[in-house]
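After this come two complexes, each holding chain A, first together with chain B and then together with chain C.
After this line comes the complex of A and B, so read on.
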């Protein structure tokens, strides 16, 4: 896999300090949220632990700067506002973060089901996320937990029904 | 010879004076005529020169600079008049075009630079924005300075600050930079990575603690610089516009 391209700000020491000036802070958040999403997408990761101090995403050792847990929390909350993240525990320490919003994932899956004529048949989550038929699609390799959440949204809209089988899930699309 | 007295003598003197006057006027007239002729010739020659070297002036930065200097020496500003024979040069157009591009480039980068850009970087970005032909590539810093001068008429929204040692910084957000801020910028531009600390400023500029603190707060409050609190001692203040790593990434990308 190609090496991850860090933005220039990653080598800019004050980037790791929350900026007091309103406009500057907004710019800073914009770059950080972008970076979070790009980094996770690049590594195909969907979860983040705030206390994972070894992640290069949180610290740049070459300039000896790191993000404080509070700052990470703020960035994740920003991502939550745009629908790109959700906390997994009550203490908000573990987070699910996704490149596309759940709604987007749901729609993509639904469109694919429609195009391939699989309505009214049952697909397992594994088929959707890791099956051979979806390798070219944007949602391929998506975390199954994320996918499940996306399908729950679809279920609410009445576009599919989730079926639990031996601890794993399948979905029937309408 | 014995001087004659009488009416005749006075009349003769009067006549002579009149003749002198006439002659004087004659000479003046012919001189003026000659001057006008010379000026005409000069004008025609200059026009011919300008026409002949029009392309050179537009394309060749060295030539353009020398032509500028020549015009300055004889007290003509080729940019001042859009009319008359100067317009054949399109000199004005050249600089107006350039200044529009300068504004474009600066505004596009405002969100990253906080509204300040070093002249060198501006030149690089301009060149990148202007297309590949050699004519577009050859712009000097002098050209950019000349073009930005044209932008002064828009008030203080666009100002070039001299930081000493041939370094300039272009400010593309409204607002005056005070002497204090200019000094801080200047101090930061002399450091390797474009950052300053309070103590450093107090040493370099001989300011009091209070003055330095206020000035730094102000630059921070205007979004021109970022604060870094993860240093060993006091916080440091960084100017993205002066941070070399930003351009390194730019080249790599």
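After this line comes the complex of A and C, so read on.
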């Protein structure tokens, strides 16, 4: 896997301080949210813990700057607003973060099902996320918990039905 | 009166000003003269008499060397209309044969009198008495004679002194005694100066008030040149006549004219300080200039709130208050400050304060202004607060 390309801001000390100037702060948030998503996608991770202080994402040892937990929280809330993150616990310490929004994932899976003519048949989540047939697709390797949430969204729209079998899930698409 | 000579009213070497009085009339013996309503200036060496303003211009005036004076006395006259007043009588030595020409050279009287409408002021009188007893003119005269010729006399006394010094314990004791005497004299002289100064202080204040009021009325008695010169004297002393509460019936009028004065006074210093001065500095400067008529911080603040000329009171969001030039707007400050930050890559508040020679408070406000306008951005870390050029917003533009 190639080395992750940090943006130039990552070595700019003020980047790690929440800026009071409105316009600057919005720009700063935009760069941070992009960086969060790119970094997680690069490492194929879907969860973040705010208190994980050793993560290079929060901490640039070379200039000795780190994000405060409050700042991380704010960035994650920004991601939540655009549908790219959701808290996993009530204290909002653990977060699920995803490159595409749940709706996008859901639509991608549904499109694939339709294209491959698998409507009215049942697929397991494993098949969708890690099956041989999906290796070329965007949602390949997606976290199963994220996929489950995406499919729940589809279920609400009446496009599929989730079936629980022995602690794992399958889905039937219409 | 024949001891007077016409001379320019300029101080000689080692001669200093002692005192002055106005509305003075000279009597030749017991006779009135045409020399009335003049100004008298006493120096350590001489007494000058001139028409009002002549002495200040260093014009040719009447001059009496103090060495002529044998003794002083005074007479008190009682007039039906004006009450009592005191005249000074100066008893004089015979005139020097090669004296420069003066007024009334034919006069035979051996004394003159100084008199005024209300007599002479007590300060002048005491200054005259003390100057005469100090005999400063003799010191320089004595030193001149030594230099000029009588070298043999000097040599003899020199040799004598050397012999005296050499003679054992007696010599040492004499030496100590001489030292103690010298110290004593120094102290006496110092205190004498002080008392003369005290006597003059009131006079000086009165004089400056008088003249500043003349300047204000522009009566034309004083030439432009003198006005300018005098104003510069007064300015170097501080404010010529401070605005005080007593002169006003309403607070608003008081604060308004106070504001006017503060504005006039601080315009230049503020420009020199980069267009901004903290209120604490303003307070110090104003009260330093006012000398005795000190202002309370509240009065100063109220006056500053009235300012609406080229200077304005400004309250920063942090609560800090400064006087600021109208022309100095935030945009300019921000641009200027961000330039500085850009040159240094990053700046802490202390560094900027040091660079510009301004207080920490003002330096911080400058940076915050620049930040509010998005020109710089902050970096808060364990190392403290620093400011960087706002690359987050403007990197692409550069």
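Criterion: the second predicted complex is superposed on the first by the 174 of 174 C-alpha atoms of A that agree within 3 Å, B and C clash if a C-alpha of one lies under 4 Å from a C-alpha of the other, contacts with A are read in each partner's own complex, and residues count from 1 in each chain.
Just so it is clear, a residue touches a chain if its C-beta (ideal position, glycine included) is under 8 Å from a C-beta of that chain, and two chains touch if they have at least 3 such contacts.
Just so it is clear, the model here is predicted, and its values are computed rather than measured.
Enquirer: Once the two structures are overlaid on chain A, check if chain B and chain C clash or fit side by side.
Expert: Overlaying the two complexes on chain A (C-alpha atoms) leaves chain C and chain B clashing.
Enquirer: Identify the partner contact of A:65: answer first if only chain B is touched, second if only chain C is, both if each is, neither if none is.
Expert: Both chain B and chain C are touched by A:65.
Enquirer: Going by the contact rule set out at the top, does A:20 touch chain B (first), chain C (second), both, or neither?
Expert: both
Enquirer: Under the stated touch criterion, which partner chain does A:33 make contact with: chain B (first), chain C (second), both, or neither?
Expert: Neither partner.
Enquirer: Is A:8 in contact with chain B, with chain C, with both, or with neither (first, second, both, neither)?
Expert: both
Enquirer: Just checking: does A:134 make contact with chain B only, chain C only, both, or neither of them? Give me first, second, both or neither.
Expert: After superposing on A, A:134 lies clear of both chain B and chain C.
Enquirer: Chain B: which of 111-119, 147-155 or 165-173 bumps into chain C?
Expert: Answer for the clashing stretch of chain B: 111-119.
Enquirer: Following superposition on chain A, which residues of chain A contact chain B and also contact chain C?
Expert: 8, 12-17, 19-21, 23-24, 27-28, 64-65
Enquirer: Going by the contact rule set out above, which residues of chain A touch chain C in the complex?
Expert: 8-9, 12-17, 19-21, 23-24, 27-28, 31, 64-65
Enquirer: List the residues on chain B that touch chain A in their complex, please.
Expert: 111-112, 114, 195, 220-223, 226-231, 235-238, 240, 243, 245-246, 248-250, 253
Enquirer: In the complex of these two chains, what residues of chain A are touching chain B?
Expert: Result: residues 5, 7-8, 11-17, 19-21, 23-24, 27-28, 64-66 of chain A touch chain B.
Enquirer: Which part of chain C faces chain A closely enough to touch in the complex?
Expert: Contacts found on chain C: 346, 371-374, 377-381, 386-388, 390-393, 395.
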